[in-house]
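What follows is chain A paired twice: with chain B in the first complex and chain C in the second.
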Partner chain A sequence: MKKFISAVIIASLTVILCSAAANVTEILKKVDDVSNSPKDQKMTMKLILVNKDNSESEREIVMMQKGADKRVGKFLSPKDQKGIGFLSLPGNVLHIYLPAYKKIKNIASHAKNGSFANTDFTYEDMEMTEFSKGYEGKILSEDDSAYVLELKPEKENETSYSKIVITVPKETYFPVMLQFFEKDKHVKTLERKSIEKVKNYYVAREMTMTTIKSGHRTKMLLESVEFDTNLSDDFFTDRYLKE
Partner chain B sequence: MKAFIAALLLFSLGLSAETAFSGEGEALGRISLSSSPEFLFRKLKLGFSISGDLNENAAFAVSPVLYMNFSDEIGEMSDISKKGIFPETRLLLGEAYVHLKRFPASFVDLGIGRQKVTMGKGDVVSPVDVICPDDLSDPLKFDEKIAKELISACFYAGGAELALYYSPVFTPSLLFEDFIDLKEQFKGVDYIRDTVVMPAGITESSDIFAVLSGDISSVSLSAFYGYTRTHTPLPLSVTVEMASMTSALADIEFFFPRMHTAGVSISGSAGDVGVWADFSANYISQTEYSIDLSSVGRGVLDTFSMEKKYFFNGLAGMDYTFEGGFYVSLQYAHGMRGEYGEETMHDYVFMGTRLPLMNERILLEPLNFSYEINDFKMITKRGAIVAYPKATYKGMDNLEISAALIYVNATSETNFNRMDGYDGVELSMKYYF
Partner chain C sequence: MNRISKMIAGNPLKVIIVITAITILMGFFATKVKINPDILDYLPKTDKIIQDFDRVGEEYGGSLTAFIVFESDNVFSTESLRKIDRITRLLQETEGVSIVTSLTNVMDIKEADESVEIAPLFENDSLMGDTAYVNKRMKYVMGERIYKGKLVSEDMTKALIVMNLADDVEQTRACKNIKEEIGNLGIENKMHFGGLPFFVLEINRLIVKDLLKLILPCALLMIFVLFISFRTIVGVIVPLLNVLVGTVWTIGIMSALKVDVTIITNIIPVVLLAVGSAYSIHVISKFYEELGSGKEKREAAAEAIKEVALPVFLASVTTLIGFLSFVFGSYLIMIRDFGIFSAVGVAISFILSITLTPALLLTFKSKAGSNSEAGKSFFFVKIVEWFVPKRKQLFIAVAILTLLSIALIPRISRSADIMEYFKKGSDIRVSDKIIEDNFGGSTRIQIICSGDMTKTAALNEMWELERFLEDSAGVRNISSIVDVVKRMNMVIDGKYELPDSDEKLANLYFLTDGEPFIDRMLKGDKSEALIEGSLASGMNFKKVTEFINKVEERLKSSSGSVAFSLTGMPSVNVKLDRSILQSTLFSIAMSIILVFVLLSFMLGSARLSLKGTLPILFTIVMLFGVMSALRLSLDIATCLLGSISIGIGIDYSIHYLIRLRKELNEGKKYKEAVHATMMTTGRAIVTNVLTVAGGFLVLTLSSLQPIVNFGFLIAITMLIAGATAVIMLSVSSKEKGE
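Right after this comes the complex of A and B.
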């Protein structure tokens, strides 16, 4: 009898765990669907760097993305960074264009973890992340309005983060908060505000990344965005970087 | 050619719908750290850049630069009235070109005018970058290039690019004073006179370059060929005559011999380490010259400035970024700018470091140095070190304030020996507008 009860309990737990896992997978697919579904996008952004003493400095950048793994960007301001460009291609290819030297520099893959233009974002943070691929997730908590999920990268995932905790509203499935962990230490938080729908895609007009240790934060304000304009592959080349 | 470029630029400016104006101002001073500190060097540099799009397929850029070098050479009353208190001022044209994008076909870009072009993958400097001449006037600035009159055509197919460059005007490198110490080389000769023979006519002055580049996976590769000239002069002939009963005169002719250069460049990463390398094989058409001593009764001697007409140069480097953004680069070079011939080329190790602090408002470069190796068997006895630790404050957008220490320790056989006496402090301020 005891054996029978144990078997029932184990079977029940397995079913519960499997359904929970399936539930997380479904949630992450929905998250990816609303965040990553455009074929391409072109956006102009203002980056405001806010120091602990609340002093600010600004950068302006135009960025284009095609699919999940082609990205090109150019700085429009400030003057000392104008013309600096980056090109990110599949296979961990990252090229930086330095107009002062008229040179394109190959950047080693780990440098993607480095700061993006002195901001609290890294090059990796600027990439489009597909959470349903490369992460194992579990539900940390759930209420009427949102899920809080813990995502741990799978072995083949080359992310620098050991864990990401995301808050996903049940209404939109567009994550409003992402907490990034390195070696299980909370290092950064990304908050998304002023969320609206453009064409069938959700976008955050304002994003703030805060570095926990320094208190430094970067506000990213979306000035313009266009989706699915059939961007030519010509933009995602060294030729465009140099123009 | 120059009139054509000027006309083209004026035409461009007139038509430009969107013209951007930007520039940078730099004030730099070097002070010796001797017992009585003095300015070694003071300069102001004001650079402007005017650029714009004529339409979506055509753009232009013009960048004049105003240099002001301050001199302390006041020795007599007339210096005060004539020069000493005013800086020596030079207005130079940096780049001035028109860029025709996707013209005459979608896979072609054309460039016409004064342009700066590099083809090596080296960090900051590479001995294989021979399209544009070097500005060697400040021996502590390793990365200064001079724009060259070029017609460029870049052809794109798939991920590959073929760039062709033609220049009808020969431009030598800008040298610092005493680049070649003639008095040292002609000891015992009382008077030395030199003449530089420039290439005559367009055919002789012309350079041609071709660079084929592309990516294979995450590796960038390029191969290049150039039909050019040395950018620093080599001796063509020396005639020694008696100037008087007791003194001799050496009349030296210099020229810029033809040079073929061909090589390859590669850059990519090995794991987390960025790597790059440049290599070129060079052939110089004429390395022999004669020393005519017939007027002093000793006939004509045939000699050479380079033992072999061919030589190889290049570099290899790597970089790595540690946690916290501490960046380290290491580069080894065989040969350097302005060095031709195996026996005159030296080896160099360059190390660069960057430690950003306070969200890159402060940038420390504590271990910046170059080490010149004259003889591998006597690395310390016949070598030179130039250390250049630097701190930069970037507390405001577009403004940089830097302080650097300069330490030079060079033996007499080295090229860095030319910087002997530069020990001191460098203060600079740069503003972008």
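Right after this comes the complex of A and C.
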């Protein structure tokens, strides 16, 4: 009798745990589907860098992305950054084009953890992340409108973050807040606002990344976006960077 | 005065109760007093060099640099690298530390397989275990001038860890944190701590150690002298109580007014010991004299107060003047505070000497002290009386000594070098020597470069200045954005030089923007950059001044688009020195003039006043002559000497003159008058001189060199002042028969 009851308890717990786990996996898959579903995108963005004394500087870039891991961008302004381009390809490839030198340089792989154009975003942050692969998740809390999930990278995942906490609205599955941790210390927060649907895809017109320690923040304003225009692979080459 | 003295003598118990009540109140405040050891807090913020220094602290991650030298047989061994890495990471998290740079985390810019790499020199822990990787890195590091001799010694046995301290944490606390955290790591390798913040920490430790070490001998010595003089317990206890109560009141007032105790103001108790005991001793001496002449206690006390009040009052006012003269002459706020609160302490000591002292004398059982009995065998009388007929010879001797001293005075060395605080062979000096021998020195200078740093022309101007600093001014271990840009250009374009266009420079900035190590070198909006370098710290004062002047001249003559300002501790020190010299001269001049005027007024005769001032003038000249002869330098502590000596030393003249005049006015013949004066006031003076000199001599046991010098010099000064006053005044009065 005792054995029977233990067995039932263990079985029930297993089912509950598994379903909880399954629940997280499902949620993450939905998140990825929503965020990473466009086949390609072309965007013009304004980056506003705000110092802790509230002084600002601006950059304007045009960026194209194909799939999850090909990205190319060029700076349109300010004057001293116009023409600088970057190309991110699978296999941790990152090329920067320096127009004054007319040269393309590879940036070493760990440099993806470095700041992108002196903003609070790193090159890594600019990439599309697949949360359902490479992360172990658990639900921290849940209410009527949203889930709060804690994601820890799996061993093979080369990310510099030890943990990411994301707030996922139940309506859209488009994360509105991501908190990044390094060594369990909260280092950055990304907030997404003005969420709209463009051609069936969700976009955030305004994204703000704040670095906790310095108080510095970067606002990324989406000025225009086009989805699924069948971008050619030719855009994602060094030759295009140099144009 | 008659009424007051009778009132005090008539109500000793009431007086004691009131004073006790005030003491308890003051004691309460005194326990809350705060100690601030940070010299930098006391530099006036209106000074441009200080403003620049503060700015470097606020905008570039800290103006104070501390160092740790890590020793091992080979810093490139896996074990050592890992330890250095552990230490570096720990320090980055330590409260009070803003930026840490070491072999394992310094950002390196290099080209590898066509890639540009901006990464820490040793990327991660596991790579440190890869011997081939480490060997490659070692060859690279030892071949690069920006690392060899800057972060690792030439013989590879020492690694330097550089810490910029955060501006918002008090530096000694930050250093304590650092030492504690490092201690907890349990690493066995030898480590040395250096740089100004650690020096200040060590000074504080020594000050506290000193205070504890010196209080007992000081007290014992004073007790001994007082007992020898008065031969009664009361004669010992009362002056000491006077001093104790006076000190408590003074510190209580400081605390109530929210004034911190600093490395200078902590001398105040010692000064009060010397001064406070003097007034009390004179009252006691007179009291015993009156008792000895047959008066009853209350009468004796009233008489003592009445007779002694004037000279003691004059003495306290002149001493007050000596201290207050600091308020006007001094650049350092803490010296001004010292002046003000010493003056307050003196005033309090005076009040207590005519209230508490007689009250206590009346309360305790007093028999007539030994004033009268030992009189006939009073040794010092014999000495003075020996001098009296030898007037001419005495004045010739005085003239010779004066001229000699005056000749020596210009040779006094000046020092604001903090290294001098530490005895040779002490840990801190050893550390400093290691840093100097292997890493270019622990004294850092900074030059703020204001201009448009997006232009290569601005960087070129910086580069020229750096060349000058290295070649002509002996600055080592120079770092700035110029070097970073050159290395970036090397990686992109193959040439180790500044780019030839502003557009190229903008491209390079794009690659390094946002890297934290750039924050130390370049302001975010690129309107300003910082050049940093090391100076050998052993430089004596003269060399530092020469260096500063040379650099300032070069900076003034630069005519390009960049404006340069020099700052850093050496500049601050030179400023400090100039101010010390000014303070000293000004306060001495002020003291002498004011004392002379006051005395003339009080004694009713300018000639008498001049006579009273001469011994102390002679004493001051001798003091500086002795300093010069013994090569003791004029520094923060000794600069106070001149005025303190005037203030305290003039007291002897005052007491002696007033008493001698009184004796002569009573109709005594000259020799008799001198004898009578010596036996009474003279005795008190000798007791006071010996107590004070003895008390200050105890300071020679200090672990801090300037305090040793200070104690020794004051003791000498008191001895000379006392002897001179008594002898010269006795001798000089003879001819006029005054």
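The criterion applied here is as follows: the second predicted complex is superposed on the first by the 240 of 243 C-alpha atoms of A that agree within 3 Å, B and C clash if a C-alpha of one lies under 4 Å from a C-alpha of the other, contacts with A are read in each partner's own complex, and residues count from 1 in each chain.
Going forward, a contact is a pair of C-beta atoms (placed from the backbone, for glycine too) under 8 Å apart; a residue touches a chain by one contact, two chains touch by 3 or more.
Just so it is clear, the structure is predicted and the values come from calculations on it, not from any experiment.
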Worksheet entry | Overlay on chain A: chain C relative to chain B, clash or fit | clash
Worksheet item: With the two structures laid over each other on chain A, which partner does A:Ile96 touch: chain B (first), chain C (second), both, or neither?
Response: second
Practice prompt. Scan A:Ile84 for contacts with chain B and chain C and give back first, second, both or neither.
Written response: second
Worksheet item: Now for A:Asn51: first (chain B), second (chain C), both, or neither, which partner does it touch?
Response: both
Practice prompt. Identify which of chain B and chain C touches the larger number of residues of chain A.
Written response: B
Worksheet item: Does the superposition put A:Asn106 against chain B (first), chain C (second), both, or neither?
Response: both
Worksheet item: Of the partners chain B and chain C, which touch A:Asn36 in the superposed model: first, second, both, neither?
Response: neither
Practice prompt. Name the contact category of A:Asp238: first (chain B only), second (chain C only), both, or neither.
Written response: first
Practice prompt. Indicate the residue numbers of chain A shared between its chain B interface and its chain C interface, in ascending order.
Written response: 51, 57, 80, 101, 103, 105-108, 110-111, 114-115, 118
Item to complete: Within their complex, state which residues of chain B touch chain A.
Response: 22, 24, 59, 99, 101, 109, 116-118, 121, 124, 143, 154, 156, 159, 161, 215, 217-218, 220, 267-269, 271-274, 276, 319-321, 325, 356, 358-361, 396-398, 400, 432-433
Item to complete: Going by the contact rule at the top, pick out the chain C residues touching chain A in the complex.
Response: 112-119, 123, 454, 491-493, 499, 501-504, 506-511, 513-515, 524-525
Practice prompt. Would you mind writing out the residues of chain A in touch with chain B in their complex?
Written response: 49, 51, 57-58, 78-80, 82, 91-93, 95, 101-111, 114-115, 118, 214, 216, 237-239, 243
Worksheet item: Taking the complex as given, what residues does chain A use to touch chain C?
Response: 51, 55, 57, 80-81, 84, 96, 98-101, 103, 105-108, 110-111, 114-119
